[in-house]
Amino acid sequence: MRPCTLLPSAGGYDVGLDVTWAVKWLTLSAQAMAEHRVELIELDRAIGDSDHGENMDRGFQAVLDRLAETPPDTPGAALKLTAMALMSKVGGAAGPLYGTAFLRAATALGDAAYIDAPTLAAALGAARDGIVARGKAESGDKTMVDAWTPAVDAALAAAAGGDTLSVLIAAAEAAEAGAVATDPLVARKGRASYLGERSAGHRDPGAASSALILRAAAGAAA
Amino acid sequence: MRPCTLLPSAGGYDVGLDVTWAVKWLTLSAQAMAEHRVELIELDRAIGDSDHGENMDRGFQAVLDRLAETPPDTPGAALKLTAMALMSKVGGAAGPLYGTAFLRAATALGDAAYIDAPTLAAALGAARDGIVARGKAESGDKTMVDAWTPAVDAALAAAAGGDTLSVLIAAAEAAEAGAVATDPLVARKGRASYLGERSAGHRDPGAASSALILRAAAGAAA
Amino acid sequence: MKKLINDPRAVVDESVEGFGLAHADLVTVHPEPKYVTRRDAPVAGKVGLVSGGGSGHEPLHAGFVGLGMLDAAVPGAVFTSPTPDQIIPATLAVNSGAGVVHIVKNYTGDVLNFETAAEMAQAEGVEVRTVLVNDDVAVEDSLYTAGRRGVGGTVLVEKIAGAAAERGDDLDAVAAIGDRVNQNVRTMGVALSACTVPHAGTPSFDLEDNEMEIGIGIHGEPGRHRIAMEAADAITDRLLEPILGDLGVASGDKVLLFVNGMGGTPLSELYIVYRRAAQVLAGRGATVERSLVGDYITSLEMQGCSISVLRLDDELTALWDAPVHTAALRWGV
Amino acid sequence: MKKLINDPRAVVDESVEGFGLAHADLVTVHPEPKYVTRRDAPVAGKVGLVSGGGSGHEPLHAGFVGLGMLDAAVPGAVFTSPTPDQIIPATLAVNSGAGVVHIVKNYTGDVLNFETAAEMAQAEGVEVRTVLVNDDVAVEDSLYTAGRRGVGGTVLVEKIAGAAAERGDDLDAVAAIGDRVNQNVRTMGVALSACTVPHAGTPSFDLEDNEMEIGIGIHGEPGRHRIAMEAADAITDRLLEPILGDLGVASGDKVLLFVNGMGGTPLSELYIVYRRAAQVLAGRGATVERSLVGDYITSLEMQGCSISVLRLDDELTALWDAPVHTAALRWGV
């Protein structure tokens, strides 16, 4: 799993992330979506339209198909392929948002074969910015942004002195905490916003799926 | 309640039935339909279309309205008015069948002010014949005929040696037994026949309402 | 029971009143006794077409009143056939002198009430013919029952006989066309859920979560068999088999395929059934020349559907295609 | 969950396939990526109209493809907006050179996916305008939400903009007519029961026997308020009040009244609602000039309805009356 080349990082020498990691990340993400499909549907049932788990599962299965069809050479290529698959297979709000996120992250990574911690944190930041640019949600609106923004903050902080694994672990933990923190919020964006006060007391499904994806990223690097 | 004139009957002198009895019969019938409305709906729900109690209740309420509007002079007039009200307000299978039954009974009674036991039994026979003529059901087809035919047989037997009250009591008891006896039958006429074997094990709603009407007739004479 | 109703006993009155308000360009509602006529009835020289039956099957029959279809519809109480005192004035109102055809679904109540009304209308000088519709192949032993029921085929009889009347056919010819449609159509239905008659308040039968009723009629009565739920394709095959067998559909036959919703089934599901039925018919070498998919003869909010197959000939096809302008069926105008 | 389906994940594929078989005279179904075009698309010189959204709202949108209405419909998964890779080829397929109008219901997913598709179609040289439909008055604080949703009014926008395109209006004019309809229509809905998304298998929300959801959208999402069941007249008043207030309906106004069933409500009940709504409008001095009653934009088998009121002017009325020939709406042809 670990590449044989060592890359410099702020905290000393880091084992960089390569395309194998990226493919493993996407594979673990697809597994997570399949495993948590019903749970995500249930979250969406409470404050949305019962499709988020189905959509994400369908989307990541398509990612797996395309990874098998045309194996990517670089992490950036893997994420770009993912962006395209999600954009064309997920639909709903999550499709374009995740599609943009992966596309921006892919752009941030460029052609690099290996990713160091700062690049990784920057790519996560680009993904988050993409979601915000498309969806116009602010923190506290009870959307996936509430998982991504703390994740990016934690990733940037970890990248200052840690390796890629510690960046991803920090991001995953923060995303999970961010998702949990959506529970009491009143939604102001997306479908849940129609419920007004009634949206409080439920976890945002997109924040939950985001946490799963970031946890998969850490798992792939471990 | 009892008229002041005594009529000869086979068994001696009988208190004949007059228009007051007829009106009371119809009033008690209307009460019975209202009271047993839900029960008749339930019977019809099991092997039909859940409307028999509603239809009979609506029909007999219309009978009461018309009795109040144009009080009849004779038992025959009361039954004719009933026939017309049921025919125009009940609908379904029961409407024309009961309509014909009351019309034939009215015709059998003619203009008579008082009815003796044989006339009464003959009128019940005419009612039954009307039902059979319209509906073409035979005994054992699991229809209201299975209440009326034993009732008429018992009425004719009672009329040979009894007064009108005993005719009506005999008819009511036989109708009730006849209705109960429809339970195991497989329906061959009416809506229940579509169920085939599945119609067995349920009482025929029309037989049940017939028994209620004949019991009301006895109650009015008591 | 949850329904968009006020007093359960006012359901038919209020619904028909609303129908009259919404379609004042097409129909006139006569409130007491209740019947609905084509706005321009009686149409000079034209044979009048009257149908009716219990309510709860909407859009049948009032939704089919208008040019090229019915001249009058007579709604009874929910699932209860109407009474002669409604049918008679409806018959008189649409008689232009050319006589009136009664289209009657074969149920004891409908038959008896229309029979009485026809007699009395004849006594008033109106020539009446009756077309009895009995297309339901679910009723097997018709010798030992009230006979096959009139179900989905009724819509097709009303459309095609209506077109015959509109083109100027005489009384016997219109009745003959109606009979011909009836002889060439077969129907079978399935319920996934019961329906609740407003005045009754409880579902017309109880079905487990994994059960369905095969061979239902249109009055919420239980069907002939209760079996375990199956996939749509298997259900479709189960409905189609007796239809095609009884009708004797052969290779080269041209048919109209009608997939009807019972009221509570999404249209998308009807198209899933249609798809399979069309595949099966194609597999038998029959050509589906005309189609109808939607809720046309319903049982309140029942979930389920019926499939009807009508064997077409050129005349029936032309009459099907003829203009119709009613609340529920409209084309060519 | 009891449905007339096969594999829950094949519902949209099989249903759209069946739709294409049943209406081969009107539409062409493109299976992968999935979209439905008018059979004669692109129509030379005519502005193309494309709409789409999640499936489960049938007959919307595919049922409205045809002369005088949509040129293409793009069905997503159930309750999930379609993706750009479907919307783009649909847009290209109906572009005759006169440009294409996207009619988009205001939901985050629909907006984002159509936005992306519009950008990419523009990049391919197609001029695209977007009409955003947001007629749902149930969404109150639209500043703090994703904004008002597109619901019943969508059907009216599609019909009237479709008629404008058919008569030859140019791209901006068609979009302007669509916007005008949207500005003049308001809608509010109620659910008496939830619906079950096939892949989810459980009802979209739980309602007690004596409860209803006021202010529902069309995706089985819960509404804004949950209150005790009421009679149809009271419910109608409750839906109509915010519509009339927000639209500012005044005495002398001419309106189109649209009572829409959510999929599991008997037509007879819709007419009971229509009756009351018509009475209330008459009481305000408004004239109901046109009516539409039936299941046109649904939520699977949900029980309930929505009421839409569109303020008419002479041009909108004429465009409403213009011929339309689609699977679900047809007149004048």
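In this document, chain identifiers A, B, C and D correspond to the written order of the chains, with residue numbering beginning at 1 in each.
The rule is simple: a residue touches a chain if its C-beta (ideal position, glycine included) is under 8 Å from a C-beta of that chain, and two chains touch if they have at least 3 such contacts.
The model shown is predicted, which means the values in this text are computed figures rather than measured ones.
Peer 1: At what distance in angstrom does the C-alpha mean of subunit D lie from that of subunit B?
Peer 2: About 56 Å separates the centre of subunit B from that of subunit D.
Peer 1: Nearest whole angstrom, what separates the Cα centre of subunit C from the Cα centre of subunit D?
Peer 2: The computed centroid separation for subunit C versus subunit D comes out at 29 Å.
Peer 1: Roughly how far is subunit A from subunit D, going centre to centre by Cα mean, in whole Å?
Peer 2: 33
Peer 1: Which subunit A residues sit where two or more other chains touch them?
Peer 2: Residues of subunit A touching two or more partner chains: there are none.
Peer 1: Among all residues of subunit D, which ones touch two or more of the remaining chains?
Peer 2: Answer for subunit D, listing residues that touch two or more other chains: there are none.
Peer 1: Based on which chains are in contact, what kind of graph results: line, ring, star, complete or other?
Peer 2: Its topology is that of a line.
Peer 1: Which two-chain combinations qualify as touching?
Peer 2: Between chains, contact exists in these pairs: A-D, B-C, C-D.
Peer 1: Going by the contact rule set out above, which residues of subunit B touch subunit C in the complex?
Peer 2: 41, 45, 47-51, 54-55, 58, 87-97, 134-135, 187-191, 193-196, 198
Peer 1: Under the stated contact criterion, what part of subunit D meets subunit C in this complex?
Peer 2: 2-7, 11-12, 14-19, 21-23, 55-56, 58-59, 63, 192-193, 209, 212, 229, 231-233, 235, 257, 263-276, 278, 288, 291, 293, 295, 298, 300-301, 303-305, 330-333
Peer 1: Please name which positions on subunit D make contact with subunit A in the complex.
Peer 2: 33, 54, 76-85, 107-109, 112-113, 115-116, 138-141, 144-146, 149, 197, 199-200, 202, 204-205, 217, 219-222, 224
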